[in-house]
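Please find one structure pasted underneath; my questions will follow.
Note that the chains are named A, B and C in the order they appear, and that numbering of residues resets to 1 at the start of each chain.
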Amino acid sequence: MKASRRPLLVAGFAVIAATALTLSGCSGNGGSSSSSGGNDRGPITYVQGKDNNNLIRPIIAEWNSAHPKEKVTFKEQSDQADQQHDDLVQHFQAKDSGYDVVAVDVIWTAEFAAKGWLQPLKGDYKLDTSKMLPATVKAGTYGGTLYTAPWVTDGGLLYYRTDLVKTPPTTWDEMMKDCSIAKAHNIGCYAGQYADYEGLTVNVAEAINSAGGTIVGDDGKTPTLDTPEAKKGLQTLVDAFKDGNIPQEALTYQEEEGRQAFEAGKLLFHRNWPYIYSLASTDGSSKVKGKFAVAPLPGIDGAGASSLGGHNIAVSAYSKHKATAVDFIKFMETEKIQREAVTKASNAPALASLYSDPALNKQLPYLSTLKKSLDTAVPRPVSPFYPAITKAIEDDSFAALKGTDSVDQALSNMQKAIKTAGSGS
Amino acid sequence: MSATVSGATRGSSASPRGPRQERGGLQRAQRVRSRNALLLILPTLVLLAVVIGYPIVSAIITSFQKDAGLDPATGFFVQGGFAGFSNFTHWLLQRCPTGDGGTTACPSGNLGAQFWSATFTTFFFTVTTVVLETVIGFWMAIIMNRAFAGRSLVRTAILVPWAIPTAVTAKLWYFIFSVAGIVNAIFATKILWTSDDWPSRIAIIIIDVWKTTPFMALLILAGLQLIPGEIYEAARVDGASTWKTFWTVTLPLVRPALLVAVLFRILDALRMYDLPAIFGGGNATATWSVLVVEQMRQGPNAASALSTIVFVFIFVIAFVFVRFLGANVVQTTQAQQKGELK
Amino acid sequence: MTTTATRIGAGARSDAEQRVDVNRAAASRRRWASARTWVQAAIIVIWCLLPFYWMVVTSFRDVGYTFDTAFWPTHVTLDNYVTALSTHWGNHLGRALLNSLIIGVSVTVVSLVIGVFASYALARVEFRFKGIVLGVIMGASMFPGVALLTPLFQLFTNIGWMGTYQALIIPEISFALPLTVYTLTSFLREMPWDLEEAARIDGCTSAQAFRKVILPLAAPAVFTTAILAFIASWNEFLISSQLSSDATQPVTVAIASFTGSLPHQVPYTAIMAAGTIVTVPLVVLVLILQRRIVAGLTAGGVKG
């Protein structure tokens, strides 16, 4: 009895081990993903995060009524960016053909492309991107090939109190001079997002880019943080914290905490995305209604360089109906749909011409300022190692802002950590 | 599913015939008993093998493979090949590749550099939360075990922290502890709960204790319910103080339930993920599991190695706990049964 | 019960005068003790409910006043509940609630049935490899849960289970099983062995003896374990967030995907409303079941 049981158990474990072996061999199939023909049409699925403003469903309904044989199904993901990312990774790793068109945060482009998960948008699947904002196209390009098509974008704006400051500062030094006004009114001078999360990378990248520095070279993995420009950029933020021009509590700020402080009248200047414009104008508790305006971010010598936010859309390498998928993306890029995205969801469009549209400017008064910000915007590193790069920037610059590391130390750590990321695990 | 359940039922109906068995057939009876017992346990083992055993085996295998590396010519990722123990030394010795085949100490900002600090954080959270939860949980259980009007209110109230889904709890507390939130408002402080090292650690401990103490309290309460009231009365009449009664009567009798509760709390606390992940605090609050998730986004094979290391660490801790504190689920049964068989 | 016990205690001393003294002293001690009990009970209730109170207050607050720190309700509105329950934008909190219930009940029932069999064997039957079996079961609670996800995802994709109920229920049963087995084993072991023996002598089969004698005695442990398993499933997020579909997603996932009308906006008020909607039915359910639970709990021990 006992004797017969033991081999059985061993056999069971062998089966489990064997299954594990076959499955573990599945990941990372390199770039062997380019598809054969362009006649692959049929129903597809569109995947993106939560559709907050009921924008996507009507768009899809419109497409479906015109394309009864190539209907689009909508798959809604969670609201959390990390969860969206992990969900996409799981489906790509499983070579799921059920995710045809996916919305991709601009920072994921290179990672997904280098894993061979995205269909290059060239040849049969070529897209015309000449009318799109250049920064959004750059964010969707990896190794000279377009992988993700611009869809909605986002740029940083400087919110300032019109009742306290007549003309907005155009350089960082001007803004720091205006901080005496904040002190006189006993409020904080300036804040962006400095909690230890992705928003910190956005803000630090803005500081470094505005000072003329870069985070990585053109190859997307060689760090370039040992330059005087990079040091100058991070130094501006660290000094502002030391001088009290950025209040200590900004170390806890994500977007919402910053908005709350600005709306409560506790900040003279505030860096945030366009979304807080309407909230600060309408929130019942907002103390700055009618007392604020927006300007482009200040730089060292002139206009600053905003980091680029937003989502692009891409075709999965495992889609069985790529021709339909690309047609659907073209449809999403049309002026009509881009306009709908602005009017219904206040999404900043990727289509450049809409920024000078009078009707839209009336609805969203910040639009022309945002255009200026986006014209000088710089995408965060388009690197397949982005998760490691952003982790290094977050951790090391957070230590510098808190004052536990010197600026030199922090930058040298970042430099080394990014170099390590590019050379293996 | 139905097949395994019916199999188990069949097994239970043919269960041991008991100690009335004749001496001569004892050995055969023992074998039958063993077989039936295994049949009863089989559904549990099968489920655990599929859902947990298989991922563990697969993690151990992948942990010996290098993560995909970038082919500089094409810009695409290619399979990493056999890694030996490099994924393990990456964590345990904090060695990072230099790119030319050699290794160097992992720089700050690389996850490998965080392994030992995460180990400290994990242990710190585990010790503080489990101790606090045990003490407070015991106190709650003793109160709930007394007869008084409103007892059902208390028993319902302690379920509330637990019944709020963790996804909501995290948002709720993040909101409560935000710099302009209600906690700072009430105490007129400006503590940076969500970003300074110690405040964020303390906040996470408070939240975990709030959320998980009911688990302890309920398990201990169930243990207390099994103690006959007469024993307490006897102790009281004998003049034993409340304190002495607690140490000599309550604690020894509730010990089996308590040990199981503490053991599983330790296992859970060592794998804590949600709170530090959502609450922030940067490296000061990063636990093993937080590291695993972040590494999974950077390279899944190194993450498998970390999972394996964590598994081994926890195994050793549990083993030590069972050995020295005697979570003696096995021995007593056998002793008891032998006593019966005499 | 107290009088009985006192009589037993006093009887041991067999002194009438002392008995009166003991009774009088006991009465005053009891009054003092019950006052102390109430104070402590009040502290427990406040500690447990205060954050919940803040959740409810926030849930009734106008979204434009989200960060108001007044301790009492201000800017009261029902809008957040309308938002939370609205199905207009693809949120289906009602359906998610039902899913959580379906999953939770299945997980609880199955893990209890399987767990009771296993723990009966572990507590009552002597067999070889028992230590190893116990070790293996405990070992299942030692691997970082987050690392289980990818293999399970691939497994369920291969067998076409993605988005099904069983893809959520089966992993959750396995998460609940180790604790279930250990709790039940530790309690079953405490059951008086001779009762089962007596039942067998009376002609019961093992199974009958188990059902009629052991199980009722173990009721407190079984109920406690059921609550533990149910709430563990109720709180599960990680597995559900990636293995469920729109049709099967539980409340934890539904709430996590609540968004404001603008990107970056965190709709705290609507999330708190959803949290309240989800928590209150569970608490009411427990209140209703309380009688049963308490009855079950007291069956084996002290009467309340």
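The rule is short, and it goes like this: a contact is a pair of C-beta atoms (placed from the backbone, for glycine too) under 8 Å apart; a residue touches a chain by one contact, two chains touch by 3 or more.
Worth saying up front: this structure is predicted, and the values here are computed from it rather than measured.
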| item | value |
| --- | --- |
| Winner on C-beta contact pairs when A-B is weighed against B-C | B-C |
| Reference chain B; chain at largest CA-centroid distance | A |
| Cα-centroid distance, chain A relative to chain C, in whole angstrom | 40 |
| Distance between chain centroids, defined by C-alpha means - chain A, chain B (Å) | 36 |
| Whole-Å gap separating chain B and chain C, where each centre is the average of the chain's CA atoms | 16 |
| Set of chain B residues in contact with two or more other chains | 34, 38, 53-54, 58, 180, 296, 300 |
| Shared interface positions of chain C, touching two or more other chains | 67, 128, 150-151, 155, 253, 256, 266 |
| Junction residues of chain A, two or more chains touched | 2, 20, 23, 86, 260, 264 |
| Residues of chain C defined as touching chain A within the complex | 62-68, 75, 88-90, 128, 149-151, 153-155, 157-158, 241-242, 246, 253, 256-266 |
| Chain A-facing residues of chain B, complex | 31, 34-35, 38, 49, 53-54, 57-58, 61-62, 65-71, 74-80, 86-87, 90, 96-100, 104, 106-111, 178-180, 190, 192-196, 280-283, 294, 296-302 |
| Partner chain B, residues of chain A touching it in the complex | 1-2, 5, 12-13, 16-17, 19-21, 23-24, 27-28, 30-31, 82, 85-86, 89, 114-116, 142-143, 195-197, 221, 248-249, 251-252, 257, 260-261, 264, 384-385, 387-388, 391-396, 398-399, 405, 413-414, 416-425 |
| Chain C-facing residues of chain B, complex | 1, 4-5, 8, 11-13, 15-20, 30, 33-34, 36-38, 40-41, 43-45, 47-48, 50-56, 58-59, 139-140, 143, 145-148, 150-168, 171-173, 175-176, 180-182, 185-186, 210, 214-215, 218-219, 221-230, 233-234, 236-237, 256-257, 259-260, 263-264, 267-268, 270-271, 273-274, 288-289, 292-293, 296, 300, 303-304, 307, 310-311, 314-315, 318, 329-330, 332-334, 336-337, 340 |
| Footprint of chain C on chain A - complex, ascending | 2, 20, 23, 26, 49-54, 57, 75-80, 83, 86-87, 90, 93-94, 96, 154, 255-256, 260, 264, 273, 275, 278-279, 282-286, 345-347 |
